[in-house]
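Okay, here's the structure, questions in a sec.
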Amino acid sequence: MSSTILRLACPDRVGLLAQLSGFFAQHGGNLLEVHQFTDSGAGWFFARMAIETRTLRLGLPALRTAFTPLAGELEADWTLREAQSRMRVILMVSKLGHCLADLLWRWRSGELEFDIPLVISNHEDFRKVVEREGLEFRHMPMTTESKAEVFAEIAGTFRDVRPDLIVLARYMQIIPAEICAEFKGRILNIHHSFLPSFVGANPYQRAYERGVKLIGATCHYATAELDAGPIIDQEVIRVEHFHTPDDLVRLGRDCERLALARSVRWHLDDRVLVHGNRAIVFRD
Amino acid sequence: MSSTILRLACPDRVGLLAQLSGFFAQHGGNLLEVHQFTDSGAGWFFARMAIETRTLRLGLPALRTAFTPLAGELEADWTLREAQSRMRVILMVSKLGHCLADLLWRWRSGELEFDIPLVISNHEDFRKVVEREGLEFRHMPMTTESKAEVFAEIAGTFRDVRPDLIVLARYMQIIPAEICAEFKGRILNIHHSFLPSFVGANPYQRAYERGVKLIGATCHYATAELDAGPIIDQEVIRVEHFHTPDDLVRLGRDCERLALARSVRWHLDDRVLVHGNRAIVFRD
Amino acid sequence: MSSTILRLACPDRVGLLAQLSGFFAQHGGNLLEVHQFTDSGAGWFFARMAIETRTLRLGLPALRTAFTPLAGELEADWTLREAQSRMRVILMVSKLGHCLADLLWRWRSGELEFDIPLVISNHEDFRKVVEREGLEFRHMPMTTESKAEVFAEIAGTFRDVRPDLIVLARYMQIIPAEICAEFKGRILNIHHSFLPSFVGANPYQRAYERGVKLIGATCHYATAELDAGPIIDQEVIRVEHFHTPDDLVRLGRDCERLALARSVRWHLDDRVLVHGNRAIVFRD
Amino acid sequence: MSSTILRLACPDRVGLLAQLSGFFAQHGGNLLEVHQFTDSGAGWFFARMAIETRTLRLGLPALRTAFTPLAGELEADWTLREAQSRMRVILMVSKLGHCLADLLWRWRSGELEFDIPLVISNHEDFRKVVEREGLEFRHMPMTTESKAEVFAEIAGTFRDVRPDLIVLARYMQIIPAEICAEFKGRILNIHHSFLPSFVGANPYQRAYERGVKLIGATCHYATAELDAGPIIDQEVIRVEHFHTPDDLVRLGRDCERLALARSVRWHLDDRVLVHGNRAIVFRD
């Protein structure tokens, strides 16, 4: 069943839900699914509505036009999208391929539906893995000296490709703050620790040294501050004294894959809204 | 903030959410929280709405009267309740007191808000534990011969006390089918296995014999068929080959407590709706 | 560090551990890791010992010879293996490839170390996925009529290849009892339910109908009785009322992959011992 | 079955397990359970052995005397204890009673076996809860000015009572470094966050502000550095955007209780060994 998705955040006020559902009712739209959340502390309202497309008397562009005045009045951030339209996702990877392989499998099998205009890496390791799927692999190596220049190229590529999402699937270079800002809410990073523990480099080694009994992974939107962006999902696994740092790396890989795959799914499905540094996730 | 809770299930049709939110808007009610779910297979609609009480222009009885025609038109099962009104809960227990103790602690500390008109047991073991909380403890022992008669008395007590909920907190007698039917959706049982595995007696022993690697507990509404009613929550814990049946009993206790406490909370908070043998739980 | 692994089960008696550690001490072997478990109910003793190979004064064949009299005296089932020797593993799959893909990725990346003499399928779907890894793919289709004959061929293949392990990675044909018996303890099956719930066909659909709040997967050795063999590992994930049977299938895939991958790892690493219908797993 | 427990840590060397099991064999002791772990990085060996007491030809004092020369040669830290001897445990609490209530229930029901010479609190809130169990409640209030003096009294009490364990069951005063040092490895603290995230005050509020998707609790031995001692156990629970800081407090309570109860159990059972800042836990 084809559906149209509204994703909206605005200052809270009385009657918002009635206004929104009234708007779609007025255009014939049957509501299939509604999620709503009011953050009373922040005074902010968040909603996601799935409307049965074939019941709408307006096509998507006209619906957007019709919605614009209401949205303006509500001072809302919003998107209206066909659920079936496929997002364009750039994947980026360095030398650890488990997240890339996992996403490619979910994409190939149809579990996750999206298009991959290209895969970018600062290394050559996964060219074959990518190209055998019929995808473009772009090697964009960088040295300390060339970093600024290469990131400028990368930003240019983003502007050309206009992805709906960029996934840092264990891409081990820090994204410059201005790129994070320009593509805010569209760069997903998987960090290999249970944030805010072990921000930065070598989290598994540091987890080992601290002697924690659970390790984890965190998927968040990249922001200027390293590993501090809004968290979409986290996953943990129990570890014991006999696990070496290498064991933690191995066990953590499964956490990383799961947290990343779920987060990508929710982004693709317009289920994530960000307010300040908190992510509202209308999970499915 | 005082709120009024609508809990409603009805056949699905277009515009239900607009109708419901419109009804409350018309009476001035500010929607604080909305949960909605459409079971497309079953063609059924479920909703829970929390309305800010002080914004409503009608008191609860008048609001119920005003809602009745709409509910009739929708062929809905529904309740409208003040969130702050305290449910009356009868606790029943036999010889294992961990669930009773846990609920009493959550009740005493205010984590769960409800009234306990009485505690019923077929044994004397927990009289002191109950009475020292200032609660009535009623010993209703039964033998094979007296069982029918004692259950008739118990049913009579239920009719007198008119509880909103009866919790079988490890009450180890099977509730007769006619009592399950009369108090349908109001009798919560905690079963000490991960249902539908190990229905009936001695689930931990049988879990041990089967060599499972996870054990669990299941909280469900009691129905005529043993351990087959709608499931509200389940909890599991990992076990290993070195755990004896006694260890499983010990580890399972924590699963039982958690699954039961959460289920009681959701029932008290009007978050559970039942359709056929499935429970819709708008978790908090 | 190269190690030699003893895996042993025998009737319990006093002094077993001293005898075993004494045996290796006598041959110069430094014990790196010892796991031991006594099932007092069954009166049975289980052990796994990792011995530093370079400290042993005997090579593996001579060590086996030296150990044989002691093992005989103890009436032990035992194996002695170089940890570094790679097991030979036949993978079998039908039309759902997530477990196959997951194992191939863990194998290719070196997370799991084993050899794959061939992959058998009753369908052609995964020929490309297998052959692009440089592996042999053998299509062995079967109809109701040809089933007995094809399984005879399959058993013949097993006898020729002499695998240390056969993994039913969502191979959707029931293995005949006599093959289970002949390759006892060497056929791993991943069942897509939390056993003993939902033995047999369509477990996700039945889990949906029962309204469970957690679904799972179980990895066990195949035996004559369907889905009733010794359980090595289980994994669960929480589900909610809004998950359709298709969602359960999707969410369950991750459970299946994890439970299977861990079980394969433990088998490859000589960490699983079976007694009756219970598996002793010295997890790492 | 009565057992004697050896708990030992020493520099690693060849043949340790044979030496230890040989020692007990020489005195007739039947080994019931053996746990061993070698930290190759640190070059340290850890073991726990349960010996069937009635098979030993020596009583505990004589056994200790007999073991002393071997232990000296191995430069070992060790204890030898009757499993059945009950540890003496001082409980300390401030104004949040869930951990206290949980431990009292497990103690009263016999799930955890230990003696409680007294309960210390800086508040009067739980006097009744403690005294109705027939236990001594000692109110030791402190102000900023009196803190040093009161802690000196507390240390004096510890010296008098000579507890095997002191449990900070949400005791909200920082234990002075010199008391941590004097009772090293005997003071268990439950911290209400998933350490090393949110060390110090108000962890739930800070978890809320960071927008984490899992919260937790950590049980560790208290050391001079706040919340930085060896971790024995951790527990987590999933949270969502709709959970307020108060919800996190509520949900976290169950994590705290479980992590603390398990840690207490393992300490009582001589299952915890500490090396540097890491805890080796031979879990049961």
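Order as written gives the chain letters A, B, C and D; numbering starts at 1 within each chain.
Convention: contacts are C-beta pairs under 8 Å (C-beta built on N, C-alpha and C of every residue); 3 or more make two chains touch, one makes a residue touch a chain.
Computed from a predicted model, the values in this text were never measured in an experiment.
S.K.: Using the touch definition from the top, list the chains contacting both chain B and chain C.
M.R.: A, D
S.K.: Count the C-beta contact pairs for A-D and for A-C, then tell me which is higher.
M.R.: A-D
S.K.: Hey, which chain ends up farthest from chain A, C-alpha centres compared?
M.R.: When every chain centre is compared against chain A, the largest gap points to D.
S.K.: If you average the Cα atoms of chain A and of chain C to get two centres, how far apart are those centres in Å?
M.R.: Their C-alpha centroids are separated by 36 Å.
S.K.: Return the distance between the CA-based centres of chain A and chain D, expressed in whole Å.
M.R.: 41
S.K.: Give the residues of chain B that touch two or more other chains, as numbers and ranges in rising order.
M.R.: 37, 242
S.K.: Show which residues of chain B lie in contact with chain C when the two form their complex.
M.R.: Its residues touching chain C are 37, 39, 41, 194-198, 209-214, 216, 230-234, 236, 240-242, 244, 277-281, 283.
S.K.: Inside the complex, what are the residues of chain A that reach chain C?
M.R.: Listed in rising order, the residues of chain A that touch chain C are 97-98, 101-102, 105, 109, 111, 132, 242-243, 247, 250, 253-254, 258, 284.
S.K.: Report the residues of chain D in contact with chain C in the complex, numbered from low to high.
M.R.: 1, 14-18, 21-22, 24-25, 30-34, 36-38, 40, 55
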